[in-house]
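There are two complexes below, and they share chain A, which is joined by chain B in the first and by chain C in the second.
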Partner chain A sequence: MLAVILIAKICLVFSVTVLTLYAIRHYVFAMSRLFLKHPREWMEFTGFMLPRTTVLVAMHNEETVAADVLQALVECDYDWEKLEILAIDDRSSDRTGAIIDEFAAKYPVIKAVHRESGEGGKGGALQFATPLATGEVLLLFDADYFPGRAMIKQLVAPFCDPQIGAVMGRVVPHNTGRTLLTELLSMERAAGYQVGQQARYNMGLTPQFGGTVGGVRATALRAVGGWNPESLTEDTDLTFRLVVRGWKVAYANRAECYEEVPETWEVRRRQIARWATGHTDCLHRLQSSVIRSSALSFFGKVDALFVLGCYLTAPVLVLGWLASLVLFFSPQAHYVPALAIALTFAGYQMFGNQATFYELGVAALLDGAARRVLLMPLNLFNFFASTGAICRALFRYYTGKLSGTGGPRWQKTRRYRENGNGKGFANGNGAPNGLYSQGANGLYTCRTTNV
Partner chain B sequence: MRRSFVYPHRSIRSIRAGTGKLVLAALTVIALTAAIAVFQQPLLLVHNQLCLALLQLSGIPITGVAPVELFAPFGAAPVPVVAVQEISNHPVALWTLFSVAMLVFLELHRRIPFARSFLVFLMTLLAMAAGILIFHPASQFGSTEFAAMWLRSELLVWLVLPWFSASMFVLIEPTPLFGVGWAILTQVYGIAWSAIRLAFCIAAMHYSGILFAPIFWFAFGFLADVIYLVVFYSVALQWAARHSWGKRTQ
Partner chain C sequence: MFDFIAWRFLLFAAAFGLLMYLQFYLGHRQWNRLKGEQAGEIDVNYVRTENYMAQSFRMKVKDWLQLPVSQDREFGPVIMKGHERIRTLAGMDLADHATCDDILVLEQNFSCGQGCSLTREVLVHGNSNIGSESRLQSMAADGDLMLGEKVSVARWVDSNGELTLSAGCHVGSRVTSLTRIRLGLGVEIPSASAPQIVTAEWDSKLPGEDPASRDLLEIAFPDGSEAVEESLAAAKLNAKRFVQLGGDTWLYKGEVRPPVPVRLRRKLAVAGDCYFPEGTVLEFDVKAGGSIFLGPSCVIRGNLVADGHIFLGPGCRFSGLVHAEKTLLLSRGTRGFRVDGMVAAYAGEELSLETDVALKGKIASGARAVVIDAAAAQAWRDQRRIQDDGSAVDQVHTS
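Showing the complex of A and B:
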């Protein structure tokens, strides 16, 4: 019995140490983002040449959304002489390929790329199409995204700094009001971008290139060996391969692009399971490169390892819960240190894996999302759902690795939009019907975010 | 060349935390912490009286009030003593309570998709408690031990709350005094809510033994503390966001 208690105490101390470090890190980000000076936006600089740019849109069975994203891209404010859009039909079995061909026939700036076989998910499709790209800068969008008219310029602007290897924009859900889950995920996304990414950028750490609403310098991509088609999170993989070789990643908070977030818990579980597996796989492949890199500062390395290992906090937390439950029934629980430990745990239960509750709050405050912030206590359910899904995914990942029976497998995230025929953009102002509203200054804003 | 602005944008860049706000936040932390430290005995006495009153109101037989040791530098605190059923001696009652609770959780699990993982967490706690009662019944404890654990942890919560309140309420509110008021309200609520929850837990333990104690501890204890903090935080944020947003669009 004494041995069990000793093991439980060791597990608990380990869990609490890890989770407290994550909690402190998030707290520093939140306070830094809230009160410290914000750097100038890249778009505030003028006088540099806009580079030739290739936009890559990988699509696998995206017939409901393909037309919208392509129409939005051709309506972007960017010189067509310097722009090409590679619309990649990645082994689709629906009408995606036909839609792409229709757009390619209509707009010379769009080139249809059909990938009929091969392995890998999005990474594989990008690896297939990148050799065809002629741009100095490669921009990426997922098929369910709505880029605004200035989006390409906003994402390209930071590349005027030759140190910048990749740029990430801000992702904003547009189906926020559909379900409780979309409201919660909207808060989580806001915290991740408005606070997490921006704070890391402000503090000289590495914002994460998210593989969509972002861009990468073609020479930098080639220098690090291109995309990794075997990774479930090829964006994370690329981010850290770039930074360990000395490239910087910029974050453009005002380059907002609108996406669909999962509307059902089952889809959400699958999505976060994929992220957890991909991230953790990246951790194991890249941790030694990160530690050995001379391009990263000490804090840069520590933060990079925190980012790569963020999904491991879920099983660590479960381990801590089990250990504290054992101690609860032992005399050890009657001591103050055990209580202090439990207190930390309890706090973390609401802190979450993706964004702590104070990050959610800071993001909501900065965005002026006054109504939605009242739902924050319900994020408890999102946290428990994520913890369960991550633990299951990592259990499958590690058992698969140990038994050699299977590595990470790509699972496509379900789309919810209907009637995505691009006609929502036919009004000529680059705004999908009902999604944007025109302000008195003539500019368009996404109305669903201003709640 | 720099332009002074590019285009209007919805989000604000940051919030100014002037010296006045920082001083007020520091004073809030000092004042609330000192209040807990200085008035700990009266506070714990009020906590116990509220708990006793609720137990009496619900008809739970109280056998007395016992002092329990807290931690240094805090002394002892009075807690109500209630007979707790040794449910491991009543296997039929144990299995009935366990089965009914499990069935309720399973039904909720079926009906409320977004709460499934949380319910799995609760079911795990319940199953573990049942396992302990069956295989290691010596681990059972009484209401005094439970109340002692409860008070030790709540006292820690009360001491930590001012730090949270200062950074989360005072610094973000456009009217800092509103933040101070909100911080005091959170502290008062925390103490009263703790007594109510403790009375409920002891009352339930009187009938069901320690079968539900882990659930009380992990879900109604610390988790409930965090939840009320988040609720207060979200309401304060809503007020602050509306105000900041309104000022900005003027």
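Showing the complex of A and C:
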């Protein structure tokens, strides 16, 4: 009995320590966004840095959205002499390949790439198409994204710094008001980008390259051995392979792009399970490189490990809860109250995808959407759902590793758009497509109903 | 006693429950209100141009001119837009110290004397001449625009023709021209963009010499050979401190301070400061974790990025982007041009331009861009402990 109590005590102290460190880290990020200056204003160079650029769009059964993203890209404000768009049909069984071929026939700037076999998800498709790219900078968009006309110029501007290996823009959900989940995920995304990514960049740490709405320097990509088709989160994998070698990652908060977030809890569960597995897999593969890297400062290494290990906080939290229960029913129940309060406080910081209580609030304020702060209590549902999904995914990951039944597998995230018609946002004559509508102020913005 | 404890517990539990319920109630109520609303709106069609403020104003004026015109006893024909009065006139000459609180749209030329105050926007389809010490809100001119000494503009100024800001002018926002901007001594602006931006005493000369003809020590990159090591030693660089980031990009972990002018043919990121002597040619991008100081007549063909300060010595030429996280000084005779595009110089803090500086493109600053004289430039260098030639005060010259 004494041994069980001792183990429970150790687990609880460990859990509280880890979660408190994460909570402090996020608190520092939130405060830094509120009170510190915003350095490195690359946006002043938008339109002045015009390298030869290749846009890669990997598509696997994306017939509902393929036309929209391709049309948006050809309408981007960038010299076609310096642009190529590689539209990758990644083993699609629907009309995706045909749509890509139609666009390639219509626009010389688009090149159709058909991948008919091979392993891996997006990483595999990118690895397949990258040797065909001729750009100095490779930009990436997922098929459900909708880049604005200025997006390419905004994303390539930071590459004027020769040490920048990758650039990440900001994603903004366009289906925010559809369900409570999309609303909560929208807040989470805002916190992750507006606060987390920007604060890390401001503080000289590593913002994460997200594999979409971002770009990577071709020489940097080649130097680190290209994409990793084995990884479920090839973007995280690439980010840390770049920084341990000495490259930097930049974050461009004003390069905003719409995306779709999951509308149902099941799709969300699958998405966060993939992220958790991919991140944790990256942690195990890259932790020693991060620790040994001479290119990262001490705090840079600590933060990198915090990022890579962020999904482990869910099982650590559950461990803390279980340890609290054991101690509560033990003769030494007096240990529990103080640690349990600390655990509750710190644990609540950890829900979702690194977006924390403070960061959600600060992001809502910075985005001028202070009314959304009132939604924060409801994020408790997201917190519990994410914690459960992550624990389950990591349990499968570790048991799979132990039993040797194979590594993680790619699962495509479901798309909700049904009326993608490839007419771009203005269709050349101002007529919006199904995704966009023109407001009273004349601006084309995302349509949240009828999507 | 038991009863008291039970009541106290129940009271606490009720209060706790109420608070719990209240936050979920408020959250749920807010969700009902926000349902169907978009969190952040992005104008996907928007492409920012440098003169977007003036362009936006011109578009608005076009719309306003469609509104009904009424006859005012004092002002003649006017257009009322809410409480705002828009006056459309053929031309206008305002006397000294005149004040105008209307939006003005002038079909021909406009001028005003000293100390005038124009509290609303002005659009001039001809040329415009503003008297010294006048105060403006913002002004767009289709022709040339001349601001006299110490004119203060609260927001932006824009012209299709030549735009002159005389000595001591101050502009609160963007300065743009489709032709040329002339900046007098002491001018303070946050940013300027034009095919040609020149400061006072510009000698009208543009870059001439071909830097390829210079006979310089070429920085070699470590390949294990002795010849390269000797070459690096001549440039006071240590081969062991080089790390190859990627094909054409190298990282140097230390300070770069070659004693002789050098030619650099690779992209280089430097962890510390860089001091390049007179006549150095940088063919590719250079980034410094510290500051970059370049002596006179250096040529920069790539981009220059520093987390600290950047100093371009007299007569330097650049044809890329210059980005200093702190301050930036473009010394007398600096030229920034490229044949196939624009250049840009940005400083997170103050951007100082000495007299006789010319560039094609843009200058911008997180604080202010200011035109300074030789004495102020000397003070800038003294503060950062560098000499006129860009070398550190304690540096020994062999060039």
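To be clear about the criterion, the second predicted complex is superposed on the first by the 400 of 451 C-alpha atoms of A that agree within 3 Å, B and C clash if a C-alpha of one lies under 4 Å from a C-alpha of the other, contacts with A are read in each partner's own complex, and residues count from 1 in each chain.
The rule we apply is simple: a contact is a pair of C-beta atoms (placed from the backbone, for glycine too) under 8 Å apart; a residue touches a chain by one contact, two chains touch by 3 or more.
Please read these numbers as outputs of a predicted model, since none were measured by experiment.
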item: Which superposed partner A:365 touches (first chain B, second chain C, both, neither); value: first
item: Touched partner set for A:160, first chain B, second chain C, both or neither; value: second
item: First (chain B), second (chain C), both or neither touched by A:181; value: first
item: First, second, both or neither for A:246, with chain B first and chain C second; value: second
item: Contacts of A:31 with chain B and chain C, given as first, second, both or neither; value: first
item: Which superposed partner A:377 touches (first chain B, second chain C, both, neither); value: both
item: Chain B versus chain C as contact partner of A:40, first or second or both or neither; value: both
item: Chain B versus chain C as contact partner of A:387, first or second or both or neither; value: first
item: Common interface positions of chain A, toward chain B and toward chain C; value: 40-41, 44-47, 180, 367, 369, 371, 374-377, 439, 443, 445, 449
item: Chain A-facing residues of chain B, complex; value: 1-3, 5-17, 71, 113-118, 120-121, 125, 128, 132, 136, 139, 145, 148-149, 152-153, 156-157, 160, 167-168, 171-172, 213-214, 217-218, 221-223, 225-227, 230-231, 233-235, 237-238, 240-242, 244-245, 248
item: Residue numbers on chain A that touch chain C, as the complex places them; value: 39-42, 44-50, 72, 77, 146-150, 160-163, 165, 172-174, 176-178, 180, 183, 186-187, 190, 217, 219-220, 222-223, 245-247, 256-258, 294-295, 367, 369, 371-372, 374-378, 425-426, 436, 439, 443-446, 448-449
item: Touching residues (chain side chain C, partner chain A) in the complex; value: 23-24, 26-31, 33-48, 191, 243-249, 251, 253, 267-269, 284-287, 302-303, 305, 320-321, 323, 325, 341-344, 346, 348, 361-362, 364, 366
item: For the chain A and chain B complex, residues of the former touching the latter; value: 31, 33-38, 40-41, 43-47, 180-181, 194, 253-254, 264-266, 321, 325, 328-330, 333-334, 336, 339-340, 342-343, 345-347, 349-350, 357-358, 361, 364-371, 373-377, 379-382, 384-389, 439, 441, 443, 445, 449-450
